[in-house]
Structures are given as structure tokens and as C-alpha cells.
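Presented below is the structure to which this report refers.
Each chain carries a letter (A, B, C and D) given by its place in the written order, and its residues are counted from 1.
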Amino acid sequence: MAIRRGRGVAAINYPTGMNLGGDPTQALVHSTPTGNFMVTLSSVDLGQGMKQIMAQICAETIGVPTDRVVVDTADTDTGPHCMGTFASRGTHRAGNAVIQAAKEARQVMLEVAAEELEVNASDLETDGQGNILVKGAPQKSISIFDVALSAHFKRGRSISGRGMFLIPRSYPEKETGAMKPSTCYAHACTVAEVEVDDETGEVTVLTVKNVFEIGRALNPKMVEQQLVGGSWMGISHALYETTEPYYPNRDNGGTDFNQYLMPGPGDLAETEIIVLERPSADGPYGAKGPGEMCANPQIPAVANAVFDAVGVRIDTLPITPERILRALKAQAAS
Amino acid sequence: MELRKNYFADVRKDDLHEIGQPRPRSDSPGHVTGKTAFFADRNFPGMLHLKMVRSPHHHARIRSIDTSEAEKHPGVVKVLTAKDVPHNVYTILILIQIGPEDETVLADGKVRWKGEAVVAVLAETERAAQEAAAKVKVDYEVLPAVFDMEEALKPGAPLVNEYHGQNYYLYDSGACRKVRFGDVEAGFAGADHILEQSYQSSPIEHAPTETTGCVVMPEGNDRFTCYTNTQAMFFTLDNTSIILQMPGSKLHFVGGTVGGGFGGKVDVIVEPIAILGAKLTGRPVSFIYSREEEMQISSPRAAEKVVIKDGVMKDGRIIARKVTGYTDAGAYSRHSPYGAQKGAGHYPGPYTIPNVWIDTYCVYTNRTPSSAMRGFGVTIGDFALEVQMDKLARLIGMDPLEFRFINAYRDGDMKAHRQPTEGAALIECMQEASRAANWPVAEKYMAMSSYKNGA
Amino acid sequence: MAKVPVQFTLNGSEEAEFIDSGTTLLNALRDKIGDTSPKGGCHQGTCGACSVIIDGELRLSCLTLAETCSGAAITTLSGLSESGVLHPLQRAFLDTFATQCGFCTPGMIIAAKVLLDHTPNPSRDEVVEALSGNICRCTGYEPIIQAVLTAARANSQNAA
Amino acid sequence: MALALQTFPTVKDANAALKAAGTRYLGGGTLVVRAANEGDVSVSGLVRSTEPVLSAIAVSGGMARIGASVTMAAIARHPELGALAKAVRAVGGPAIRNMATIGGNLFAPAPYGDFAVALLALDATVSTDNGELPIETFLAGRNDSRAIVTSVSFTLPKAGTFRFLKVSRVKPKGVSVLSIAAVLEQAADGTISSARIALGCMADRPMRARAAEKALLGKTLDRDGIAPALAAATEGTAPITDPIASAWYRAEVLPVHLGRLLLT
């Protein structure tokens, strides 16, 4: 018996948003009488935390703490249209729509504040804590709470805004394929280290070092959630997952979580995540979509590490113990 | 996780108040107390349960369907077949003009994959629906099936889907989406080495812990509220409106927190038939996939085949790359024509190669219809590309990481689809990986930059 | 259809219902009693989302018939926080960002509670074993393991 | 017909009720309730008995008798059954072990039923109201068995003689690629004097590896000594193919894992 070690690398990029564009998302923002802000969307939170991120984006843009923003979403009676949550588009598309809506609301808010403070709106700034200050004279200020009250009950102004983000659809040129698939790309490089049991074909992923470039990490802890979970899924895809384990025979597909294989809590690789941030030109605060691409580089990195360990190439996913063992036997026979 | 702020600090403002802050998630308190409402947490009095009778065959003609015994079964309220669906033949991407309509809500005359929905049974209890479903009699004439993309593309192969007329999706560019850049044959002719390799993948299930489903409530005013875990509210509403020939104003979709999507909940599968059931019975209807259905009936990530032919120089430059990608749509389009197209836009990967030829095919077979999944159109392509890169590096005796630096794209480089590269960061990711993994590369690579005028 | 009576305590409160014979505890809790904190992720016993505690033992409510629970004391996630104060596990799941979609969370916390009730200072391996019947597709498990270890540390510090 | 449960105080009455068509015995629910949830409408009546003997564990005189309703967790907790701990913990996760019963495990189709593999190596005896059967005989006829299993009894293995290995793809709870249980007794000179080896997943139900057992007799537990047994390990096997592994793979790695178990 020999446990053999190997390591492999892979580097990838990934487009943000629906390919070729043409995928609009809208947002509405309005303030309550006491200066809380409501973001209205129809986008769906799949568990990645879109509601939280939209709240942070709105808060940053308006100039209030995040806990003063409420996100109402996924209701077609109240929320304006969104193409949907897929293709790493949620943060990028909806985030831009929220910024646009929040900016419009902010402008009204500053205009009301300007009237209250008897200055020009262009001379005002927010402190991020819920106050509006005169630039260069911060002692002259008004709270957003008071501005909202004034707007509602004194000045009859609606502190609200509309946002729409659309990347115009690109139509590929028939013969050359000239097209614009995406406006920004995330990047990653992963190094995986594995052990392969050359008598059974079993693979243990010892470590994965993932470097991701994702534009801007809008909420680093939530980015970490995506990247850690994605890295696990990448390894799972590489070594375990299939609905047709014996294709072209289509029998014996898993129908439960015992048979449909994924790494368990006792199979976890030591996982390191490093994040670089090159803000995208058109993302909300420079964000790109990290949710999909974070599960991609581990697959080839693990495949390359298996080759490095035992000298056989498995070019069909998943890289099961059976495929490795068959390849090792073929290698020994030749 | 570590944020390496030293990279790209010159183009980034780090003094924001809320952005970049690890604020607690607003949804998490609901999750840890069990108070978060998922769609299935709504239970209405008098709710009916929908169970689907499915095809046991990969490809068959339906001679007849007899639902009489099922209809008489105690607890059964309604049995639906194709004739009950106002616009039974649909395709989801028709909303962005990717047709033709090619899929039946309930099978009409033919089934094209094992597991296809044929008859829907609505009953007072799940058990009654299951028992009645077992009493539906469908007489099938089994037809030859095809499960292999290359077999499906051969002349004389069984025709999977008559709405297409051939076993591939017909793009405006023909049988495949094409990208042509430079002169790939000239590139091969001038290469020191040629390497052609083939890669394959299996369908993969999203396996969200919450299965696909919806609960529909008739509001009593000709409107229907559908609580659903779709990933795309209006996408589902608009397709339902088409299928049921019902004004969108009559439909109200409510989502919320979804128990994991990963692309598996963008097909419009459960909502139209459940709303139809609610409309025809006037009762609330629940249609929730069993785990078995989620695993074997819901669309998986497509099986793919990728053939890559590269011309490489001894000094490490890739000078020509030809990629032929095949996406197995299964029996129906769903999102696969879009996925194959996305592959065409992604190849040849994040590398600058002067001569590129790409063909991507969306192929129909009698396998379970595939659709979107995390990394759609790219994930399997990246597996193929990056294993190929490893092989190329070893072929010319070069370190695999250094080999990637030589070919990595940088700002301003022209991509094969004729967009100049912007915002590249592959080089920096590799530099940081080199450090983190203690995989040293030559100093000249560590000095490189993705910026246009970088070293 | 035969209706049968069931009576048990749920999170400390007496519950009595007439249910269809053969109803699973999961369906009885969710559809009859209205406690939707246990989730039906598979109804096969393979995902753990429906986990509850019956007389101190971790059980799967999807495979347990409600009528076999008469007289039992049942705890679900709904019963963990007392008068609005979060259980240390709930606090730890929040603080360590151990929830994503949240669907597996009820089962995970219930499984972890049974562990900590019996083993207040578990090793990592003991945590892994305790969570091994619960599937998560979002997190890659590590944040959940860390949450349980964090809760155990918080408990032992409070006890000290 | 809706699903209905009947509970009886005695095994006798439960056995009588089981004679009705469409009935099955409800143990821990991990097989029967699951089947009903998944739409198996062939079963409409569930029967169980609460007779105390079904839940009893008795250990005396080197013998153990375990009531059929005893759960895996209860076996794992029992101070005098520590030798079996590894095999008990091979079943499911913690919740399943609190539900799954020893009686039910006898009926679990491969790749489940790892504890039954251990019981086969222990040469257990299965009791019903109709009498007692050697476990191997019982397993061979289990598809047609209608009488409720009341208990399983076996001679406790001498210290250090019982070995168990479960190979799974997913850790720590995955289902079996295969499982191996062995009771090996050694003479004073270290040679094997008695060997019982049982295999899981190498057929549709647990089976004995008789050729390997025979090949071990008189041999020492070293690489050369076990070689004939490993060469004979797959004799008579018909491994299952399922989503976990193919028959080919199971047959290929059985000797590898048997070798590792024997040399530990």
C-alpha cells in the first residue's frame, strides 16, 4: 500500500451577470417619516445574503447605518422587475439599481436638509451615522431623522428614488462570434494538495489554497461564506458528484443524500482563502459576482493534483476511486 | 479568510462606512430561531397535494392514457392531462426570444425522457394522490432512445425533439455558436507541439436542502398567490402567464428565503401546473418535489464534452487553440442553448491566444433535461481548459504555474470574441497563490502586472 | 380515515391533537400544531433538517410516527430560546456566520444541542460525528463546526 | 387505503395482525416509514408491539441476548457490549442510531445493514415466536420471513478477537462501499485457530467469506500468512452495484481492505 501525494494548480476567470446582457433589474427606495429607508425589489435571496448586501449598499449610498435600511423583496405585487438571481448577477445588477435609486432619494434628502439648514444642497455631506453636515462646518448639521420628518410633514417632499440597471444585450456576430459576453470578470487561482491511495483509488484532499479576486468584498464575512462553501462544492464536483454514475447506463442514479455523494464534515480539506479586490468599473462599489466562480478552480486543481500523485489522467468527471483504480491498473498493465 | 489590501490599493477607496464592513446578516436571527418562513411553511386549510405520474421510458409514444380509476379513488379531486393545459408547449427562454417552444407541461402523445411529467393528480392528502397516481394507466410504445451527444448528431439517430427537427439547437450561426479569431490552422502549422485532448463530465445535481416547490392560494378574486422558491420571480410569473394564457395581473408571486438554489430553481416547472390545479379546483394546492424528484427529475447541470486542440511553442506560448464544446441539453432546451452560448464567450479561458476557433453545440438526447447550475456554461469548460494547461506545461517541460503566467491575459489584450481585456487580475491571483502555496516561480513572473503598462 | 389522539409536551407545553393514523411527527408538528421549525428536506431520513429531541434523544421527525410519541417530551428549535434570550448555540451560529440559506440550520442546532447536553466540551471529531447526519449544501460545514465549538467554549466560560 | 398503525402489547397479537395483506412491522421506521413517505402504496398497515422483551438487553454467562427493538444507540451505550461499539457506530448518524433497531438491521438491504454483518461474523441466533434460526439461515430467507423477530443472541467475542471495518466514500457517516466483520481466534503460537469473516455489500445481504476463513486457519497474521485468504476473499461474492460503487470496484478493493483489517 502506498499513499502518494501530489499537488495541482488551476487559474480561472468568470463573467459577472447574465451572458450577453439584456437582463434588467429595478429597485425603489423611499424613506419612512423617521428616516429609515425601505428598498423594494423583486430579486430573490437564495441564502447568499442578497437582502443584507442590498441594505449595506443602500445605507452606504444614503449615508445611514445599515440597520436603518429594510429590504422588501421577492414579491411581484410590490417589487419592480428583476430578471432573477442567477449568473452571478444579483449583487452586480440589483446593487447598481439600488445605488441609482438611493442616489435619487439622497438628493431629495439633501435638498430638504438644505432648506432646513439654509445652505445649498451641494454643500452638504453625510457622516454615515445618520447626520447631514455642512462641508467644512460640521457643527452645522441636522439628523436624517429630522430631515425625514420635515420632508413628510412640513415640506411635502417624497424622499424616494427609482433605480434601473440594464446592460444592453449583445448579439454575437454570426461568423466571427464578435460579442460582449460580460462587462467584468472575477478571477481565481487554486492550489490543491491531495493524497491518493494507489490500491483503492481513494483521494483525500489535504489542503486547498484559494486566491480569489472578486472586485470589492462588500461584506467580507459574507464573501467568506460564499468562498468557503464554494470551495467545498468544487471539491465535491471534482471527486463525488454525478446523477448517472455508470453512464451510458443510466441506472443507479442517487435518489437521496446517502447515495448522492458529497464530502461530509469528516472529509474537509484544510481550506485557505485569500481575497484580492480590484474594483470593477461598473459594479456597485466595484463589486463583481463571486458566487459561482468560487466553486470552479478546485475541480481542475484537484484533477491535476491526482495526476501529480499517481501519474494517471482522469479526464472524465467525477474523478472517482473506481476511475483512478481502473487507470492505475491500465497503467500497470502497459 | 484574508483580504490582501496591498493589491490594487491605487484603484480602490477603502474609507467607506458600510461597504467593506462585516455586518451581521439580517436574515440569520430568523434562521437560528426557526422563524424564517420558507415557502412550504405556509399551510392552508383545504390544501390539495399534487403528485405527478411520470414516464418510465426514455423515449416512447403514448398510445392512450386512462385516468378513470384514478379519478374514482377516494380523496382525489382532479386529474390533469395535457388537454387541460391552455398553452401546453412552451420554452422558458422565449421571454428573451430564444425559441422555439419545445417542451410540454404534461406529455402530449410522446415522452422524451424517463421521468417526464404525464399526468398530475390532485388529492386531499399526499397518500391519496400517491395511491391514485399508481392507478393511472398509460399505454406506451417504446421508441429507440439516444443518450450520447455524438451519436445524437449522427445522421439516422433517433429524433429526440420534433420541435427542433434535428438533435441540436439551431443558432443564427448554424449548428453551433462560433468564434473565429486569427488563423487557427496557420497557428497549428507553426507550433512546436500540438496536443488534442477530450474531456467529459456527468450531470450534477444542485441538491439544495429545500426541494423545488410551491404553494398556491386562490384569492377569491380571480387572482392566485403562489408562494414559491423560484430564483426568478417575474421570469416565473411571465412564463406562467403564457402557459396558462392568463393575464399577468391575475398572478401574484411571493418568494422570500430560498433553501438553496445553485441554479436549480430557475426552471418554471412546478408553478404553472399548481396554479392550474388551484384554478380548476378553487382550492389551495401544494406541489413540492420529493427528494427523489429533486435528485433525478429536476434539471441537473448538463453533461458536457469538450475537445481542445492546442498549438504550443517550446517557450511556453500557446499560439493556437481550437475548442469544440458539446452541452447535453437532454430532451428539452430549458436554459441549455444559453449555456452553450456562454461557453463560446468564455473560451479560450483567461489567456491571450492569437489564433482561436470555437464551436459550441447544444445537443438534444433522451437524458433528463439539463439547465443552469452554479458556473453554468463555464465550470466544466474550466476543468477541461485547466487540465489541458497542466498537460501542455508538462509536454514542454515547464512549471505549470509559470506556463500560465506566460499566457495570462492582461488589460488591453484582445480576446477571441473581440473585446479588449479590462480589469484583469489573473496574474495577481497566481502571484498570491505562489506565495500561499509555497510554489515559487521565477522573479520575472512575480514582477508582472495585469495593468496595461505593467511589467 | 382513522383519527387517533396524540398527546405530548412540545417545548414544555402540552399538545393534544387528533391526527390521521400514520402521520409522521414532522407533518403533525408542521401542519397540525404549527411548529414549522423542523424542515422536510427529504422525508427519507437522509438530510437531518427535521431533527427534533424526543425524551433527550436526537430523532428524525420525518421517520417517526406521531402516535408513537404519546407522553413524550419533544424539543424543537422553536423551544431553544427562553423568553427571547438566544441559546448559546443560536448566538454562536449568528456570530460565526454559520447560516446561509438557513434550511439546514434548525436540524444542525438541534443535533448540536444534544451533543452539548451530553458532552459540554466536545472535540472537533465529536462535533463532526454529531453533525454527520445533517446535510448542508451552502457552507461546506466548516462554519457550522466552528459555531458548535464556539458555543461549547462560551458555555464552559460561563460555567467557570 | 391510508396508512394506519396498530400497536399491540404482545408479539403474539402483533404476529396475528401481520397476517393481513399490505401490513409490515414497524421497527425504528428508518425503512418502513421512509418507504411510505416515498410513495410506496403497497403497505397500508403498520404493526408494532410494545412487549418489554423486545427492548431488553441481557448479558450473562458470556452470552448476549438483545431484543429486536433495541436501538443501535442503546447497544453502543451498553457497558458489556463495548466490543461491538465500532460496528454499531457504523450505522447511520446519531439520529438514525437512536431509531434504527437491531431487528430492522437484519432486513436492511445492501448497502445498509452493516451491523447485521457484525452479527453474522458473531454467528448470532435470530429468535422469533416460531423458534430460533442461525443468522445465516435467517438472512437467506429474510424476504419471506413474516414472523416478528424478537431477539438476537450471540456469544460475546473474546477480548481482542472481534474486528470490524466499514469503508465509505463520505465521512464520517457515508453508507458502505463494503463492510467486513471478523472474529479471529489465535492459538498460543499466534496462528489462527478459528475464523469467521462476514462481508457487507458483497451480495444483496451479508455473507460469509468461507474460502478466506479456511485459508486463514493455521496461518499467522502477517503479509505472507494472509495472502491465501486475500486471494480467496472474493470467492462466492456477487457484489452489488449502486450509486456508491460498482460490483467491479467492490470486488477489486475487498482483498485490499480485508488485508488492512487483518493486519491492524
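We take it that a contact is a pair of C-beta atoms (placed from the backbone, for glycine too) under 8 Å apart; a residue touches a chain by one contact, two chains touch by 3 or more.
The structure displayed is predicted, hence computed values, not measured ones.
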Most distant chain from chain D by Cα centroid: A
Chain closest to the middle [Cα centroid of all protein chains]: B
Chain pair with more C-beta contacts, C-D versus A-B: A-B
Interchain centroid distance [CA atoms averaged], chain A/chain B, Å: 17
Between chain C and chain D, centroid-to-centroid distance (C-alpha), Å: 29
Separation of mean Cα positions, chain D and chain B [Å, integer]: 42
Whole-Å gap separating chain A and chain D, where each centre is the average of the chain's CA atoms: 47
Chain C, residues touching no fewer than two other chains: 20, 22, 42-44, 46-47, 97, 100-103, 128-129, 132, 135, 137-138
Contacts with two or more other chains, residues of chain A listed in rising order: 46-47, 49, 221-222, 224, 228, 230, 233, 245, 253-254, 256-258, 260, 262, 264-266
Per-residue overlap in chain D, given as positions that touch at least 2 other chains: 2-3, 36, 38, 172-173
Contacting residues of chain A [partner chain B, same complex]: 7-15, 19-20, 22, 42-47, 49, 51-52, 55-57, 59-60, 63, 65-66, 71, 73-77, 79, 81-87, 128-129, 169, 172, 174-182, 184-185, 187-191, 193, 209, 211-213, 216-224, 227-228, 230, 233, 237-238, 241-245, 247-248, 250, 253-257, 260, 262, 272-281, 285-286, 291-293, 295-297, 299-301, 303-304, 307, 313, 315-318
Of all residues in chain B, those that touch chain D in their complex: 51, 125, 127-128, 130-131, 133-134, 290, 292
Interface residues, chain B side, partner chain A - complex: 1-5, 7-8, 11-12, 16-23, 25-27, 58, 96, 114, 147-148, 172-174, 177-181, 197-205, 207, 230-235, 237, 251-263, 265-266, 291-292, 295-296, 300, 303, 338, 341-342, 344-346, 349-350, 358, 367-368, 372, 374-380, 382-387, 389-391, 400-401, 404, 408-409, 416-419, 422-426, 428-430, 432-433, 436-437, 439, 450
Sites on chain D touched by chain B in the complex: 1-3, 36, 38-39, 41
Of all residues in chain D, those that touch chain A in their complex: 167, 169-175, 241-246, 248-249, 252-253, 256-257, 260
